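To start, the structure itself, in structure tokens.
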Amino acid sequence: MNKTNRGNFFEDFRLGQEIVHATPRTLSCGDVALYQGLFGGRFAVASSDEFARKLGYARAPVDDLLTFHIVFGKTVPDVSLNAVANLGYAEGRFGVPVYPGDTLSAVSKVIGLKENSNRQTGVVYVRSTGVNQRSETVVEFVRWVMVRKRDPEAEAPAETVPETMPRLPPDSWHLPPPLPAGAYDWTLAGSSFAWEDYEAGECIDHVDGVTVEEAEHMMATRLYQNTAKVHFNQHSEGQGRFGRRLIYGGHVISLARSLSFNGLTNAFRLIAINGGRHAAPCFAGDTVYAWTRVEETLAIPGRDDVGALRLRTFATKNRSCADFPEGAEGASGADPAVILDFDYTVLVPRRG
Amino acid sequence: MNKTNRGNFFEDFRLGQEIVHATPRTLSCGDVALYQGLFGGRFAVASSDEFARKLGYARAPVDDLLTFHIVFGKTVPDVSLNAVANLGYAEGRFGVPVYPGDTLSAVSKVIGLKENSNRQTGVVYVRSTGVNQRSETVVEFVRWVMVRKRDPEAEAPAETVPETMPRLPPDSWHLPPPLPAGAYDWTLAGSSFAWEDYEAGECIDHVDGVTVEEAEHMMATRLYQNTAKVHFNQHSEGQGRFGRRLIYGGHVISLARSLSFNGLTNAFRLIAINGGRHAAPCFAGDTVYAWTRVEETLAIPGRDDVGALRLRTFATKNRSCADFPEGAEGASGADPAVILDFDYTVLVPRRG
Amino acid sequence: MNKTNRGNFFEDFRLGQEIVHATPRTLSCGDVALYQGLFGGRFAVASSDEFARKLGYARAPVDDLLTFHIVFGKTVPDVSLNAVANLGYAEGRFGVPVYPGDTLSAVSKVIGLKENSNRQTGVVYVRSTGVNQRSETVVEFVRWVMVRKRDPEAEAPAETVPETMPRLPPDSWHLPPPLPAGAYDWTLAGSSFAWEDYEAGECIDHVDGVTVEEAEHMMATRLYQNTAKVHFNQHSEGQGRFGRRLIYGGHVISLARSLSFNGLTNAFRLIAINGGRHAAPCFAGDTVYAWTRVEETLAIPGRDDVGALRLRTFATKNRSCADFPEGAEGASGADPAVILDFDYTVLVPRRG
């Protein structure tokens, strides 16, 4: 009897199928510290229990992207072990904050299937939901991946491509309770720029660059229990498409988010992931930079303590962002140095 | 006065000598997280407090091998600082589970001594025992190492070679209390293969490979406070036998155990270490693969919730295990890619 | 509006200015574990809750140097983002112990300013103080850095160079309560050498060497939220002065402290940092060694449980310390392998 899991192939998925992913995971302050060592985050809410408590949190919540990576990681053995490419994200939304001690698990539902014309691969669309030990949603998102077929001759299901929204409406967001008046300490946070100071179209160069090492991206990806083979095995990848281990795309998202502190210091909470594209691969030795364009400034009805910004953050490799190089979908065409084009929504305190 | 500890040489050991090792160590969820980042384990019992509690644990126990490495590390400054080689293990047995917050310390007893004929070195046999803050045994094992003599002319003690059992009898195992009926969630664990599904002689390729980086094995070995010089000092090792830092043998054991999740998903607890041999050195840049042969399936008298499997896991470097290469003691002779031959016993839930 | 912080330049500082640094930081057992994995410390007080409690601590305190690095890191974005060189330390003093769960923040006061004659740079002297959530001082120190001017023509403030003491008087030290009689377990600590066994002028070779990897020093420096650009960006540093990422000087201090366990096993607490000089840069791939000269043995009035040692620890790169190479200020002149000359005071139990 063959007991090894070789992952699902395109023809193994069925529309409407629900997959309960394995390996629930209790997050701890140890995970938070390792994430800190890997990305160097400085957002005060995630850094200080004291700062977070003043805003109404029980203590410092786990970084939103760590939650995302943990949930994403759970889906890999079932959804994308035989993936050729991670094609996109949509309708991502963060739920209740995650604290050390919470246990996360994940389920996915197959919401679309589309065989490619060469019959070698197909696109699988899933909606994945991560929950805590009280079954409260911590993050959910749609993603679609190109998955190999085991047998090119295998019959493909009828083509279904789900419609997704370009961004979720604000009334679907999970918002924290109102911040107590005067509770947000701008000095300790590191900047006095409030939600009112940002305007649509504004571009921000995050200035710094950080070089990635093999040990770092592998430790991060294992922390998330993400088992995608291409990140870990130089012996096989050395003979593959790139001759290198490929860095998990989410690693670049976290690097860019961390760099974005410089200019988006008070963007203390991710609300939504509207879309994302890994425009080019990243490898160990590459230096990652980032810049952000403010796409929309969104007042939130009934809230005068916080507002939202829809942002598009571009990460580049081995090229500074002082002149704002754009991604594959940018107005001026693709810059080959661009590796990430990430569309997301953050919460920023209002000056009031 | 020379205050530096240069470690014990062969002629410093006495039969029956008891050594109380230094540096008690409180394990925390931080150690668990770093171990997670280094090895990427997915066994649900060690990953989730919720999953563990349903089986009767107070919370997720520390990975058995992390306990082993911590206790092993304590013995190094006294036993093997001047070792030429770590020759073997026997009669290893795990005790009560270790939880974050427990403080481990270790003692060793010298149970055998045998000078080599060249008079340059001798073999030291010790039985090492790790205990928690309540003096409960967490792991014990016999190991033997080849240790340099300070002075080849020094008189050697009478030769004593202890007899060790090829495997400890089941009535000497430390078993957890019976799992509550229906408590083991096979879906969340990641596989439905129960104890009854394994049979003696069965071979399992764990498929995946992982490349090791210098930063990773050094961080792991420092986490265990293991001070063996060969792992850390490129300046001296560059002029040594291999021209490289040598990776701690236990690092390969942990990599192999982690890879073995794919095929041995429900082997949630290590019971015994029957033997082990580091057949060849491992260096940074090597990619480690593993496969396992089921040596015995062992029903446990009075227990219908769990059964035991005696396993032999072989790790290789830079060679996949699809054709099950065997170790130095294998029937087909040595394969030079084999770096570990590890004989141990695990607990697996019965389907019931 | 430009929202990016480019750091302060020399002409931005004012004598007497007080800077409240951003990003309070709650330390956790996760930080302790990652620090353990990076430096491999073996001092029993910081390793074991049980050992620490016997001496009167609530539990194992955070390593003193981790506290120092965290506080130092907070000052970087305001004080030394545009620094050319970190010139020196003085009047460093540790305060109350830090435990996991404590939240640290930091303020600095500008106590001196001196433009250099080339008008391109100036020296900024600051006194930085780190406090916990109860506003108790955990560490304070004076440091001075050479900082670039934004505009060489900018007018410089009147020159003020503060006087600092070569070492703080013992009555200014923060001492722990007396150790309970018989509470210090020399065997578990790892050595029987007590305060009485050390004498002024004594030199100790710490024997071991450890090679540093890029991933390690970057993870450490990010753990401290230290944002100095030179440590992280190979793309820009490759075109810079050294062609390499420069390792944070504090990384070498921690490596040397960890190595010093071998010979200074019972130096369980840092009391003061009297001075320090990073004599030469350290890069990934370098192997760091250390040796220590005991400068003074200091009995503490009213205390027969502990005494102090003023130490000078020298770290070297790629050169063992068996012959005690000295630093830039040493009697025999500079040895180019010396990278650190660190003058500090430790507490050691008395035999009584």
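All chains are identified by letter, namely A, B and C, in their written order; residue positions are counted from 1 within each chain.
In this section, contacts are C-beta pairs under 8 Å (C-beta built on N, C-alpha and C of every residue); 3 or more make two chains touch, one makes a residue touch a chain.
Just so we're clear, the structure is a prediction, and the values are computed from it rather than from any experiment.
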Practice problem: Using only the C-alpha atoms, find the rotation that maps chain B onto chain C and quote its angle between 0 and 180 degrees, to the nearest 5. | Solution: 120
Quiz item: Does the chain A and chain B pair touch with the same residues on each side or with different residues, judged by whether over half of the numbers are shared?
Solution: different
Self-check item: Distance between chain centroids, defined by C-alpha means - chain A, chain B (Å)
Solution: 36
Quiz item: What positions in chain B touch 2 or more of the other chains?
Solution: 28-31, 33-34, 100, 213-215
Quiz item: Which chain C residues qualify as touching chain B in the complex?
Solution: 28-34, 36-42, 44, 47-51, 59-60, 100, 187-191, 193, 197, 202, 204-211, 213-216, 262-265, 285, 287, 318, 320
Quiz item: Inside the complex, what are the residues of chain B that reach chain C?
Solution: 1, 3-6, 20, 22-26, 28-31, 33-34, 77, 100-101, 103, 105, 133, 213-215, 218-223, 225, 227, 229, 232-236, 245
